[in-house]
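Just so it is clear, A, B, C, D, E and F label the chains in written order, and each chain counts residues from 1 on its own.
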Amino acid sequence: MSVGGQDGHSGVKDTPPIRVFSGTAHPALARAIVEHLGMETGKLTVRYFSDGEIHARFEESVRGADVYVVQPTCPPVDDHLVELMVCLDALRRASVHRLTAVIPYFGYARQEKKDLPREPITAKLVADLIVKAGANRLMVMDLHAGAIQGFFNIPVDHLTAEHVLAAHIAARKIADMVVVSPDEGRVKQARRIAGALKAPLAVVYRAEPECGSCHGLKLAGDVMNRAPIIVEDMVTSGQSVLDACDVLLEAGCLPSIRIVCTHAVLAGDAAGRLAARPEIAEVVVTDTVPHDHASLGPKFSVLSVANVFGEAIRRANRNLSISSLFG
Amino acid sequence: MSVGGQDGHSGVKDTPPIRVFSGTAHPALARAIVEHLGMETGKLTVRYFSDGEIHARFEESVRGADVYVVQPTCPPVDDHLVELMVCLDALRRASVHRLTAVIPYFGYARQEKKDLPREPITAKLVADLIVKAGANRLMVMDLHAGAIQGFFNIPVDHLTAEHVLAAHIAARKIADMVVVSPDEGRVKQARRIAGALKAPLAVVYRAEPECGSCHGLKLAGDVMNRAPIIVEDMVTSGQSVLDACDVLLEAGCLPSIRIVCTHAVLAGDAAGRLAARPEIAEVVVTDTVPHDHASLGPKFSVLSVANVFGEAIRRANRNLSISSLFG
Amino acid sequence: MSVGGQDGHSGVKDTPPIRVFSGTAHPALARAIVEHLGMETGKLTVRYFSDGEIHARFEESVRGADVYVVQPTCPPVDDHLVELMVCLDALRRASVHRLTAVIPYFGYARQEKKDLPREPITAKLVADLIVKAGANRLMVMDLHAGAIQGFFNIPVDHLTAEHVLAAHIAARKIADMVVVSPDEGRVKQARRIAGALKAPLAVVYRAEPECGSCHGLKLAGDVMNRAPIIVEDMVTSGQSVLDACDVLLEAGCLPSIRIVCTHAVLAGDAAGRLAARPEIAEVVVTDTVPHDHASLGPKFSVLSVANVFGEAIRRANRNLSISSLFG
Amino acid sequence: MSVGGQDGHSGVKDTPPIRVFSGTAHPALARAIVEHLGMETGKLTVRYFSDGEIHARFEESVRGADVYVVQPTCPPVDDHLVELMVCLDALRRASVHRLTAVIPYFGYARQEKKDLPREPITAKLVADLIVKAGANRLMVMDLHAGAIQGFFNIPVDHLTAEHVLAAHIAARKIADMVVVSPDEGRVKQARRIAGALKAPLAVVYRAEPECGSCHGLKLAGDVMNRAPIIVEDMVTSGQSVLDACDVLLEAGCLPSIRIVCTHAVLAGDAAGRLAARPEIAEVVVTDTVPHDHASLGPKFSVLSVANVFGEAIRRANRNLSISSLFG
Amino acid sequence: MSVGGQDGHSGVKDTPPIRVFSGTAHPALARAIVEHLGMETGKLTVRYFSDGEIHARFEESVRGADVYVVQPTCPPVDDHLVELMVCLDALRRASVHRLTAVIPYFGYARQEKKDLPREPITAKLVADLIVKAGANRLMVMDLHAGAIQGFFNIPVDHLTAEHVLAAHIAARKIADMVVVSPDEGRVKQARRIAGALKAPLAVVYRAEPECGSCHGLKLAGDVMNRAPIIVEDMVTSGQSVLDACDVLLEAGCLPSIRIVCTHAVLAGDAAGRLAARPEIAEVVVTDTVPHDHASLGPKFSVLSVANVFGEAIRRANRNLSISSLFG
Amino acid sequence: MSVGGQDGHSGVKDTPPIRVFSGTAHPALARAIVEHLGMETGKLTVRYFSDGEIHARFEESVRGADVYVVQPTCPPVDDHLVELMVCLDALRRASVHRLTAVIPYFGYARQEKKDLPREPITAKLVADLIVKAGANRLMVMDLHAGAIQGFFNIPVDHLTAEHVLAAHIAARKIADMVVVSPDEGRVKQARRIAGALKAPLAVVYRAEPECGSCHGLKLAGDVMNRAPIIVEDMVTSGQSVLDACDVLLEAGCLPSIRIVCTHAVLAGDAAGRLAARPEIAEVVVTDTVPHDHASLGPKFSVLSVANVFGEAIRRANRNLSISSLFG
């Protein structure tokens, strides 16, 4: 259990034991995470009764342990959210040392502000609920909006899949790339990917509603005869990515578009719709939410973020810097 | 809007306006409640997105209003629970005068204590979450355990359907009834029904596991040649009621058993299994959870508790005693 | 300081030092607990001023210590409760590592729900107050109702005296025992004792008020020519136990009744009344509340739970499983 | 119900109904308070069980009412404190409009800071507990230290008996008075009384411990041939007042000392010890705590503060200024 | 005091009296607000002692009143923030009915997320502090980021100056306008202004750092021979607006640029720098922060938002819809 | 890292690493503190933007560290207070082990109670804010009023400079000293200094307003031909000290007055006014707030409390008694 000095200072030499448990949302990711740590997931039994109620029980002592519950709140989002909270409640009653909710994909993140009167701010509600259920700390990845971190007063380790995604594209050695933000909200993320790929940037944005051109969208930046890399944090229905493709093609891009995206929720037939477009060459996603790789088809590349989470847990446990992971 | 003096004192003459909104769990009940109040349900739009996320928006001003959200947390319990909290969050941000969650059926109520180490106490968790989401007050009916009221520090109006159920049976003018509690937890409720019906009481209880007789159940009290009225707070799979029927029949009861039950969750084929038993003459339930009356079949009588809730809301708004409703 | 691997995993090797303090309610129990741990109680001075106000001062540094305050809230219940909270307040201001209230007998436990409108739920109030005063964790024994655990969101170690009580009776090698629950609320506890003693079970229960027979009580189960073991969590006035004796004798039990009970509060002349009944052969209680053994008389056997608490404290401090104590 | 404009502005015309309840500590004061309001105390039943546990029940609806619970926390202080909190808990669960704890004498007020390490700050603890139990507002009189108001974040109406006490002395038309503070903590209060009586001031103070003279006390100010009026907020054992008398007599005061004091707790034989001193001509106290007037003897004058509390409640209910009462 | 039905429903007829107080940040705005309401500001004395500590005292009773404290947290931001909290603390201790912080300009709004590890989220901290100090509700204008609303769980009325600003420009009847967002964060606001003015939209955005062109900025949209209207929420140093001007001029816009901006904080010589640019024809700002109009010079037009706040307060008090103000 | 047994017990052998950071209020003190600990201050960058907003960033990992932020809230008090809270907010989000605010001088301490209606209790507000911002513990020195400790529920280490101040005076070997409390509030502190110096005590106190003599002040105790040592906790304008000097000189003291004072805030020209009085021989202060020693002039002696804080931090980190420091 030697801790290399190159990681930064180590807090106490004698760290509390790590226990990683998986809810039912994504056990494969949890198993890949603990593999990085050289251990196994803890024994947790979650049952859904005939009336839909969830019951959870931890089958091993967790006293004094540094506990991590891995549960992306992907669809069915409410079940996965309530299940996570039920697990947190059981653990806080069990004298754990520290209780970290590991939420690779944070559902309801897009409802982070009021656009109209008498709307909820559901991302804040969910943040409050998770803390109320007993979490001491949070580990998340590529939140839809950075201000969601401010919805919490507990420490939040905000990890990113950008390095994993960028490295995959770089390995493709594509000529004449252009990195594209498909709307105003992704510009910062796209710029960071562009920097890593040493590629120029273009931005699709929504013009005033009455402009009439395709989908009301316009393009800033030059994509002519370039191979676009569209950057997204999450793809649900896929419609906004498909709309951006239209804008790019109309502006003369090469018919070889790649999409890189952290959270591929892919509701309904989104995967099929993306695959059906001949101009889309590849859709690069991560495993923050579970996928049936077979049904995604050959255009999809699924990269694993398990090592990112595994290393973050190892460092958190030993009080080593996590931000230096993404230096 | 005359307030009769026989109700007890009225607080302020000028009460804030009532607004009743319905989530998607049981709009028919909400409509029946507001009919009692001579008004309509408020305009609330709830949508489920393709990835399962819920969005809610209240389409009319609720400033200064005395607001009630009607939502039983029946299956799908997690969706209905999260939807309720999303609605509460939107309302507390909208300057309402008072915010009451009306939860005719309170899901997760049976997980109100730890039977084993490292279990959650989910009923308490749900109580904490509802308060965190913004409820100032609660209106519930026939909670599975009275101590759940103590999980809240806000006022809880605990209504009962016992009078409605007892009156229905009394009108049947059945000879030689015996009221039966199908387990140790229902004795108090069954005794109150028995008192109202002036009938004797019998208790089915679980003997020590190794006793071997039918289902490990035994019977206290005399049911020979009597028509049993089994009293339950909720029927989910129906198994424990069917087991109690076996015990009663074995003890010589008349083959004309009636079941009275507030919350008929009836998961899976529970309704069919109850209807299939020839000795069961009638299953009397209420509408705290929605039912498809047609599919329940002719043995089921569904009584409405809408007036109970409607009158409780009227009295709460005017600061009149609610307990006197059940005097 | 070797920690045996058979206890389960140990958290950190270097555990914070244990300090056990005793309030004035039951110093003898605290001394017996620390004897198990091979240490002494900490130096705490509690004074009651002439006007009844309590003052507490801890005479030794507790920085960074794992502190336990032993105080059953037995009569005078309010003084003992306030004294406990005063001690907790002093400790939380003194930079302790962790602060556990050890409450062998938890007063006000029977007021855990509202039976009538406008009543308090005093067990919940007391739970809130203890947490507000600074407790991080709780250690209790044989709570009157399991849902009281849900009144807390902090970890609660719920210990039991059942093994100690059952072992004592087993050693008596009594023939033809029957274990009796004297009311509906004790059936689960009685069944566990019965299992340990391999004896059948009987249940005394309250029939509908108008039945007229002795005390309105009835009996389920066969006690004819058997030696009853009545199981209670607490005996205060003793009346309900005496009533149960009447029912049992009327049903033909042997005139050699034993009572086993965790918390013998024994207000007024309860001890004398129990001793005066010739059919009561023995009253087996524990030392969760203090007793003057001499005045209890020869029929009383007082078993100590000090080792149960002492071992639980040792395991809590070293992050070993406590539930396995009662496996 | 005409509200005179001279009181300041009235908030809403239609104020919620007042309900005043009395705990068991001082029902006579509560009755005198409601007499001022032209109403009766509400129906509240408080019982102490044989094991000392308190049970409370409010026998009338309090929905929407502006509720006041009158309970000085005089000896037995812990019982009266817990009883107050039990009543508050019942009321907050009963949908009251506003809940004010009226605590004419606030016990534990002298423990408002730490003099030594590892002491509690019990006055703060009690403040926290009262708020946790459900109080929205507080009404108190002549707190031992002004900073105790800061222990609360809820509104505190801090009333004073100084006007009542000063008027009583003024009516005596005593020649050559000197107002005396018996220690450093009462100087401000004594100065206000002195101003009202147009009398000079003297201060008894504790010199450095090693000075050796009587009780280690010294006197600042001239009392020769003057009639001292000693001002205290509370008298418990009476010892510090008797010590001050010694210092004053030694300094040549007239042998006709008067003591004025808001809270006459008078533990043990304090009343007798004061009465036995021939130089003490009169002890003027109020009824913030209950007294048996007969046993106090003829030297004691007990003034009522019921009208002060009654008027404060009337004004609080109608949103009129309370500070102007003491202008 | 007739309340027109066209405003929406009125809550209670008998609303609590409004009291508006002004901190020292911007008394002129507060006076203009109360002029709309036909009343005067309340009597509040705020002093700064020689050591910089603030003291506040409210000179009139506020019991039962609907109280508004007007205080933009403009520079010196910390003094104005602490002063606001000191006022809130005094008011919550004074039995007000409802306490609304009216913060026309919300300082620290740009620190709403973490860009680097170990940074604060100061906008959230400030939100927490304001609530902790006692605010029940908030009234703000044109927040820098919508998610800041989610930092609060209390109701937030988010007003906008867009209608006032757009109407001013529309009255200028400028030919060939183009509305410009000077960075990615203002696109939504600019699009709404563009819609109101029936003008096209252009967006200045920050390209990847290494691009080298002017300031690293690029332009989307056609501004050739058009008169730009740059839209900002706040101007502090003015540098980003000046940079945008450079981009626009380089792209061939008319040398007649207008800037419209809600919060003109204008630190240092920002006003002078803007005025010195000959291509800037007008700077249109509001009075959410105080300005010395004389020193701003003739290019500045200062529009008042006092009526917007005054009307919002009137509607909030009468429970009328505020969102309909901005239909 | 040997821990001497003479310090009391050590908690855990393996303590978390100490990190001490300095805000901008008093970096010199922070450096002197860490020098005692044999370490350096942590890398923290605090910037004030042109509009006065503060930004803070910690440049090194603090995970699992025992973190201390040193920041007296001396003038400009609001900036230093907000800066402290901003730093605390950043740290609590960064997974520190424990977070202690070290506030050598606690501003707003004199506003610890309400003297008039509708005033704030600002010392309590500041206490609440500091806890809300994330502090787990506090380290302060010579608070103006002891009850301020009760404003917190977190542990507060209340250090004192009395030993440092008394030792300095004792080393002067002054004949015929008298220790003077310049008002009623400093008597306890002055008595402790007097005890340490084996000198008698005198008290200046404020007589009733109408007495007319110098400043309305009087003197208790004999100062004739003695060298006064005036004891203060803080000197701001210096007026009350100068007034006390007048009273002492009038009463015949030697014209060689010394002032000892923990917190020398010295607003305006206070230092010059004290120095200008020929009867003032020396002003002994500490470095809890920063001073420009040169400008203070030769009459001022500035003693360092850095070692007191440094040793307290060392002991807090190792769970050694701090009170024994002042034994």
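Everything below uses one rule, namely that a residue touches a chain if its C-beta (ideal position, glycine included) is under 8 Å from a C-beta of that chain, and two chains touch if they have at least 3 such contacts.
Just so we're clear, the structure is a prediction, and the values are computed from it rather than from any experiment.
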Number of steps on the shortest touching-chain route linking chain A and chain E: 1
Interface numbering overlap (same over half, different under half) for chain E and chain F: same
Between chain A and its twin chain F, rotation from the CA superposition, multiple of 5 degrees: 120
Where chain C and chain E are represented by their mean Cα positions, the distance between them in whole Å: 61
Distance between chain centroids, defined by C-alpha means - chain A, chain C (Å): 49
Shared-contact residues (touching 2 or more other chains) in chain E: 14, 61, 93-94, 114, 116-118, 121, 124, 128, 149, 153, 321-323
Arrangement of touching chains [line / ring / star / complete / other]: other
Pairs of chains, among all present, that meet the touch criterion: A-B, A-C, A-E, A-F, B-C, B-D, B-E, C-D, C-F, D-E, D-F, E-F
In the complex, chain C residues that touch chain D: 49-59, 61-62, 74-79, 81-83, 85-87, 89-91, 93-94, 107-108, 110-111, 114, 116-122, 124-125, 128-129, 132-133, 236-237, 265, 267-268
Touching residues (chain side chain B, partner chain D) in the complex: 8-9, 11-14, 137, 149, 153-157, 315-316, 319-324
In the complex, chain A residues that touch chain E: 112-118, 121, 123-124, 128, 145-151, 153, 158, 184, 187, 191, 194-195, 200-201, 203, 205-211, 218-221, 321-323
Residue ranges of chain F in contact with chain A within the complex: 14-17, 60-61, 63-65, 92-95, 97, 134
